[in-house]
Each structure stands twice: as structure tokens, then as C-alpha cells.
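Both complexes below contain chain A, partnered by chain B and then by chain C.
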Partner chain A sequence: MNATRAHRLMIVDDSNVMRRKIERSQDIPNVEIVGTAGNGHEALALHAEARPTLVTMDLTMPEMDGIECVEQLVGRDPDIRILVISALADKATAIEALEKGASGFLCKPFTERQLNDALVKLIES
Partner chain B sequence: MSLQREIGTFVSAVLNYFDTAVQQAAVVGTPYLALGKPPDIFDYTGMIRISGKKKGVVYFTAPKGMLSVMLMRMQETDMSDANLRDLVGEVANTLSGNARKDFGRNFIISTPSVVTGTSTTIGHSPDTRPIVVPIDWRTYHANLVVCLN
Partner chain C sequence: MKRRRYDFDLAQLLPVAVATTFAAVLTVLLTLGIQRASQLQSASSALQLASELRSLPQYFGTELTLVQRGLESRTFVGEPLQEIATARDGFDKALERIDAELLAAGLGSTVEIQRIRGALDAAWARFAPLLSAVTGHTGAPYADTLSGSRLNATGRALKGDVDAALAAQADSVRDVGGALKDLAAGLQDAVGDRGRSLRSFLLIGAAVAGLLLVLMLYFSLRSRRASADARRAERQVADILGTVREGLFLLDRNLSLGAVYSASLPRILHTDAVRDRAFEDLLRPLVPAKTLATAMKFVNLLWKEKVHEDLIDTVNPLNQIEVQFARSGGGTESRFLSFAFKRVKGGGAQGEHLLGIVTDITDRVQIARELEQSKADNQAQLDLVMQLLRVPFAQLQSFVQDADMALRKSNAILKQPGREATELRAKLNGVFREVHTVKGEAGALGLASIAARLHQLEESLAALREKSQVDGNDFIPVVVRLDELMSHLAGIGQFADRLAEVQPKGDTMRSIVPPLLANQVIGADAEPPLEQLLAQVVRDSAAAQGKRAALQCRGLQDIPPAYRKAVHDITIHMARNAVVHGIEAPEGRAAASKHDTAAVRVSFEQSGSEGYVLTVEDDGQGLPYERILDTALRKGLVSPADAARMERPAVYGLIFRSGFSTAEQVTEHAGRGVGLDAVSQTVRELGGSIGIATAEGKFTRFRMKLPRAETPAATHAA
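Up next, the complex of A and B:
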């Protein structure tokens, strides 16, 4: 593994616009984007191949939603760190995501700085 | 909750989207009741349906040009139909998120859906009167429509 690319990031969101925004916005030097997925099923398949250490996870998605996907990813890899990025900004949703194993929560919409700050916190958590 | 506060929840969601994601503020016009004829529908419309304590539909409808420039502001180079749908869906997503946060569990809010075309008919319940909130941004005009009983 390249020492300068210590963290492997997978982006999960059903919106192509959001996936690309996250790809463009993240500028943390030691983070490598290893893939993107449009729903929970795709994320689980990609996880098996790409072995991400960090994940950004949307919640409202077709096929398999983000909460279920968080639970399954944490079941596979308890050390994985997941940042939920969702417009569902109510406390109950955030608590549910954290209870299932997410490490952080960022509300949509977000700025580049907010995303990078949240990712740094995720890495340091 | 008063109607004014309910509308404020949705207006805040749209303004916050422009402020945060697009990084350029939009301006809210004077809201009006759409009496006699349905509200103007533009090229792309993102909507949520609400049931439970209140029933109805809330949607953000915008022309293609406006959404394309919003994408540009977000550094997106692909102005495809899919991305324009995604964008208006994301705005609807924030309507849903704000509603969940402010209204709590008494309101059941659908996942956002997107329709395209200016000839689209959005079904309004006969016991509701759509309130149109004009949203102006740069030279473009969109509508936020709140239609709750």
C-alpha cells in the first residue's frame, strides 16, 4: 500500500451528481477513492473487491437503503469508518445510523469544507 | 403548526440548498395562492408527498437552464438529463429532510420523486389550495409549491 494513500474511500449515493461532488470535493492527501456505488447492494459487492477503510453513505436509496448497508458493512468489518451523508437531518435518523455502526453524520447540502472536515474527523475517530 | 411556519420549513430548505451547495443565494418572491389555474410547471420537478396529520404534495419545479447553471456552479460538467433529474431530486430530498426535522413523526413523508416536462400535471387534492413561492436566482425563475390540507 502506498504510505501516502493510507485510507481507501468508497462513495455510496444513488445520485450521480452527489457521488461526483464528493469525489471532486474531497481533497485529503492520504485518501484514495477506490470506487462508487449507487445503492446498498452495489456497495456490498464493491466492498468485497475494493476493501475500503472509509465510506460515505447516503441513506435514502433504492434496492437497499443506507441504514441496512451500514449494518452489513460493520458486520463484515468492525473497523470500517462510515460517514452518513443525508438530507434526513432529524435526530432520530442520525441516532439510528450511529446505533447501526456509523461513525459520523453530515447533513446535505454541504460545502467542500464541511465534507473535508467531516472526513478528517472520521479518520481521526 | 401554523401554515406560515410549514411553508417556512420548505422555503428554508430551498434557500439553504442555494446557499450551501450552489454557493450563491436565491431570492424568495411574494407567495401567492394559485387560484383558477394550476401553478406553472417547469422542465424538471422534484416532489415529496406528505400524509398523516397533514396531506398533500410539496414540489420544487425549475427550468433546464437554471438547473444547468446550478450544476456548473457545483463544478459539474455533465449536464445530461440524468444529472438534471438528480439535481432537482436532491433539492426535493432537502425538502423531505427539513420536513422530517421540523414536523416530526406526525407527518409521513415520501421519498422524493422526479417528473420532467412542462405539461406534467401534479395531482392536488381538491380540498387544498396550492401556495406558490417564487424562487429567483440569477436571471432564472423557479417555483416552490406547497399544497397541504
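Up next, the complex of A and C:
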């Protein structure tokens, strides 16, 4: 039945708590979570395997940060929709991620509703 | 929106298309009409010719008969023969013309007409050669003889031909006439047809022209209405742009502003040069270079199809910016602006424009800040209340009074005249000492908010002390801080007064806070807190002054409840006075061969049956008789004449006079006057008296006699 779901979501965040929060909060019917990754390298490996269409992306992560990961994911799949989820410490960094091909930004901390609204818009974009 | 464009184009093209179509239809109709008209004309001509020809067979008969009779009577027959020839040629020619007209009338191929025409030709072909034979003879027909004229060979041949022609004439009348009659009838029908057809074309043409006229009227009306709508819409847009408070503008792909923007925009941006400006240039004077760069990147994101505009609102670096505008009267004015950007829908798949909205949010920001400030104030107040509740009530009241007095004194020191560097420095030192003492007390009581303020004040003073040149203006921040501190203290004083209202009667020494909440008062009964407090005051004051002092107390646990508060207040004042003003610094004591730790003694004793004696003494330098007198004279508290007559005790009594305890005096070490007037007043109100014993260089002792407490004392005069 999962195969019928139209959108495949990958969660990238170095915080276990944050990954679980996103997993639990997401309740859009036609979105299937295909995996979670703790840094950019894991995300790229997972992408090759799970072929996500949607990504939530933390910016500050060890090994490979979110900006580089966004760039590489978009390089592999220009149609991939990436929602950057990060604390709003530095707007310039968020803007850089958007320039590299992310589609939107969600500010931590967020509510369940804000996350779902953002994902719906991400699918629209 | 694409549909809208299409509609617009169609609306413009439709009248043109309709007019062209109608013109084509009308041209066709008119051409057909003209054709029909000319056909009608030809058919009519043919009809007329046919009608004319119908009489000719009869005419031939008449002429042939004339020839026959002429031949019989041997008269001249040339004339009728000529007529016949002419008429026959005329018939031929008429037939040719009829054929031409039939062709022109479009009847050349009509079967019925052709049949009739064929019959006519056939009938004529039978008759015409006979006529030709009649007219074909040449020469005279008669041979003249004596017996008269008789027919010659030509005459006989002619007669034979005429007879033959006449014999065929009846058939010819029937055949040719019949054919011509049929032809005329056929042509009549054709003329009728052509006429009806022409009328139809003309009617249709008129109808089409009428319809075209109506449509043209409709289109012109519609276009007028559309242009009126457009004008109204334009006016409404202008009204909106003129009225709206936000600065609205459009940015094109090059991020340049267009010619359309709201009237508020120049006002909000404080510049008239807005039209056709690059957004970056407009922004440059307002924000730092880094923000500008980020902002331009952000705005460019909106052109990216992949980016969802709602999902990047939060990273807008121009969401709230503080900008400085030059004020007309000089100086600058700080305002807060908020920029928002929206993609303009329509006009192409991705849109040609961004809508920019700039709002002056200064008021909003200020309100938010005030709200935050008031929240912080409330929190601070709550913290303060918690701090205050933890302090035993009486200690709090005493502290407030002491601190108030010290601050007033500081204020007085600052206010008094003195511009010389040494005077200013003396002021500085005086204030510093006062402030430092109060700070120690506040710290001891855990009044963090006051202690922090005092500390700030002290820092300012310390900074001034570091300066080699002190100027009167340097004191301004000190005065401001002091003022703020005094109002803060007044607030605490009010709180203390309110606490006094809820204090249980007769238990004024206790904190209103249950012991479990306030650790300090646990075991308060076993060890009077006053003694602790005095020890603290002495310790702190001494430390602040760089002095060493030890406190000795006696009988303080036996103070009747009615006096507790008053005694508490008095002793705190006087113990501090003793340390600050009574005892000498260690070097001074060493010079006077005294122990370097000074002694401060406080005792409360029952004195027989009539009352109590409260004693506060120190082994310091004693009261400076000369200087007290000098000061009193200078202050105008005594006249020189009185001064000359005054006994020593009376002179010492001056220090209790209100107006004596001035800053000037207490800036000197030997001075003693910290609110002594207040002490004296309290004692008087309690019905007591104060006695002073002092020896210069040795000691000072204040003895306060208090009457026996009959009733719980009234609240100590605040």
C-alpha cells in the first residue's frame, strides 16, 4: 500500500530527538517517510537507495553540513523538494541553502501544524 | 490570467472580424445584385425585341401581297421588295441581338429557352430563304410591248417566288409567331425570376447592412464602456495607491522600481527619488552592506520557481530593520521598517513583477519593546518583592530609612556649591562613602536589586576617582543614577509601609515570612536579630571605611516589644555613625596610642522603675567642639552672640538640630551627623531624652533615656 503514496520523505537532522519529532509530527496522508539520516553523507547514501522526493534538512550537522548536502541532492535530482529546518540564527545561511536549490525554510522550534503546513506547501512548490 | 489576456485580445479582434465578414458578404451580395440587375436588363431587352418581332411575319404577308398585286397590275414593286429585304435583315439582326441579350441575361444555357429559341430558328429558317428568293431578283420584271407590259422571265420568276412565299406565310405566322410568343413568355418568367432574385439580394444586403450597423453600434458602445471601465479602474488604482499607508511598489526582473507605487512610499523611505530606481540603490543608504547583500539574494530567491514564497518569509532579512533618517532640523531619527515581497500572479508563467510592501513599524516595535520592558519590570518587581519578603520586616524598614538618609545626604553633597578640584574631589569621596555603606547593608540583607544599583553608582564614582581632572559635568551621570536609586528606594519604602499595615501587632521584629521560607529568622528567638544586624552594619561600615571596629552589645534581648522597632532604628543609625564618623582610621588610632580595633558598644538597660537607658558609645576621637560651633555659625543655626554664650553641652546638642547634619560637615572625618536629627526626633516622640558625653580624642557616648513602656509604642515616626 505504501507504493501508492505519492511523496517519499527523507528526514535529515543530526539530532535524534528532532528526527523523531519530525517523524511523529508528519501526518500528511500521501507522504511516506522512507528514511532518516544524521548527516550529509548518510543522507546521500540513503538518497541513492530510497529515492526520496521530499527532504527535511538540518543545516548544521557534522561531517557534511546541510548546505553542501542540498547542493549534492539537487545535483542528483533537480526535482527534489527540500525544506530546510533550522534555528534562525543566521538568515544568510538559510538564504544560501535556498540559493543552492532548497524550496523553503522552517524555523526551529516549530509546531506539528507548522511542519505539516510547510510540507503541504513544499509539495505544491 | 492567461484566459484574461485571451479575452482581452478577442474583444479587440471581434469587431474587426465581424466588420470584415460583413463587408465580404455585402460585396458578394451587391455583385450578385448588379449581375442580376444587368441580367434583368438583358432579359427585358430580349423580351422587348421578341415582342417587336412578333408583328413581322404579318408584315411580310402584307408586303408580299403588295408585291403580288403589283406584279398583276404591272406596277412598280421595287418599294415593297425593298421593305421586305430590310425587314428580313432586321429580323436576322434582331435574332442576333436576342441571342446576345439571352447570353447576357444568363439564359443562354436554359433548356426551355433554348428549345423555344431552336423552334424559332427552325421556323425562321423555313421562311427566311423564301423571302431571300423574293428579294434576290435583279432587273425589271416587266417587258414592255405594244400591247402593254407583260411579265418577262424575271417577272415570272419573281411572281413564282412571291407566290411560294405567300403560300408559306400562314405557316410562318403560326410557327415564327408561336415561337416568338413562347420566347416572350419564357423571357417574361425569366425577367420575373431575375427581378425577384434581385429584390431578394437587395433585401438581404439591406438586412446585412442593418445588422452590421447594429453590431458596430454595439461594439462602439462596448468599447466606450470598456474604456470608461478602464478609466474608472485606473482612477481606483490611483485612489488606492494614494490612500494606502503601506509603501507599495513593483519590482521588475532587474529589481528596478517602475512608475507605479503608492504615495506613502517616498514618505516612508524619506526620499523623493523613487521612480525607476534600482531597489538596491534605494536600500543602500538604509542598511549595512552585509544586510544589503543578503536582502538582494533573498529577493532574487522569489524568481526561483522551486522556492515557495510562503516558506521563505521567515528568512527575509528586511523583515524588521532599523534605519536612520536625517531629521529636517538636524540630527537623525531612528525608524523601524518592514519589507515584504510577493510574486505578482499572471502576466506570464512566472510573473514579470514582484510586489514590494514596506511598512513603518516603529510604533509596533516600540510598543513591543515597552511591553517587554514592562514584563521585565514586573519580573524585577516580583523578584524584589520576594527579596523584600525574605528580609525581616524591621530590618527592612530600618534599612530603608538609613539608605534614604544616606542617599539624601549624597544628594545634598552633590548639590552644595564647589567648583574647585579639591572641593569636587571631597564631594566625590563623601558620596562614595555613603554609597558604599548602603551597598554593604543592602548586600547583607540580600536586596540584590538595590545592591546592583548601588554598585553601578559606585562604579561611576570609582571611574571619576580615577580621573585626574574632575569637572562639574562629570557628576551628571552620578546625579542621574542617584536619582533613579532614590526613586527605587522610595518604591521599596512604600512596599515596607504596606507591609507595616499587615504586620501582626506587637511582633514587629519578625518577618512576615514564615520561618521555613526565610532561613535567616530561624532561631530568631534564641539570638536577637538586632545584635546580628548591628554586627553586620559595624563590620560592613568599617570595611568600607578601611577601619577596624568591634561591636559589643548588652541587654538587647530585653527590649520591650513596644520599643523594639525604635531601638532597632536608632541603634543601626548610631552604630554606623560611630564607625563612620566616631572612630579613627587605624593609623589615626596608632598615632593616639589606641588599640587599632575600635570598640563600639550598644546597651539597653532598665533604669530603676521609671524607664530604660539605651547607650551607644565608641572609643573614637570624640565630638569636635570647635568645628561643630563653626558649622552651626556658618549654617546660621546660632547667632555669633549666642555662640559666645553657649556652654559645651549646648554646642554638642547642635548636632541634633535639623539642618546641621549637612553633607559638608560629614565629608570630614570628625563630623557626626548622619540623621541625628531624626534620632533625636524619635527619642522625643517616645517621650525620652538624649544625653551626650564626649572627650576629644577619647570617646563619644550617647545615652537615651526612654520612659517605661505603658502601651505598645506608636509606629516610629517615618
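Throughout what follows, the second predicted complex is superposed on the first by the 119 of 125 C-alpha atoms of A that agree within 3 Å, B and C clash if a C-alpha of one lies under 4 Å from a C-alpha of the other, contacts with A are read in each partner's own complex, and residues count from 1 in each chain.
One rule holds in what follows: a residue touches a chain if its C-beta (ideal position, glycine included) is under 8 Å from a C-beta of that chain, and two chains touch if they have at least 3 such contacts.
This structure is a prediction, so every number in the text was calculated from the model and none was measured.
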item	value
Side-by-side fit of chain B and chain C on chain A, or clash	fit
Touched partner set for A:T60, first chain B, second chain C, both or neither	first
First (chain B), second (chain C), both or neither touched by A:L98	second
Which superposed partner A:K21 touches (first chain B, second chain C, both, neither)	first
Chain B versus chain C as contact partner of A:P109, first or second or both or neither	first
Chain B versus chain C as contact partner of A:L88, first or second or both or neither	both
Touching partner for A:S125 - first (chain B), second (chain C), both, neither	second
Smallest separation of CA atoms, chain C relative to chain B, angstrom	6
Shared chain A contacts, counted only where both chain B and chain C touch the same residue	88, 92, 107
Partner chain B, residues of chain A touching it in the complex	15-18, 20-21, 24, 60, 86-90, 92-93, 107-111
Chain C partner contacts - residues on chain A that touch it in the complex	81, 83, 88, 91-92, 94-96, 98-99, 101-107, 118, 121-122, 124-125
Residues on chain B engaged by chain A in the complex (per definition of touch)	16-17, 20-21, 23, 71, 74-76, 78, 82-83, 86-87, 89-90, 93-94, 96-98, 100-101, 104-105, 111-112
Partner chain A, residues of chain C touching it in the complex	290, 294, 297-298, 300-301, 304, 306-308, 310-312, 314-317
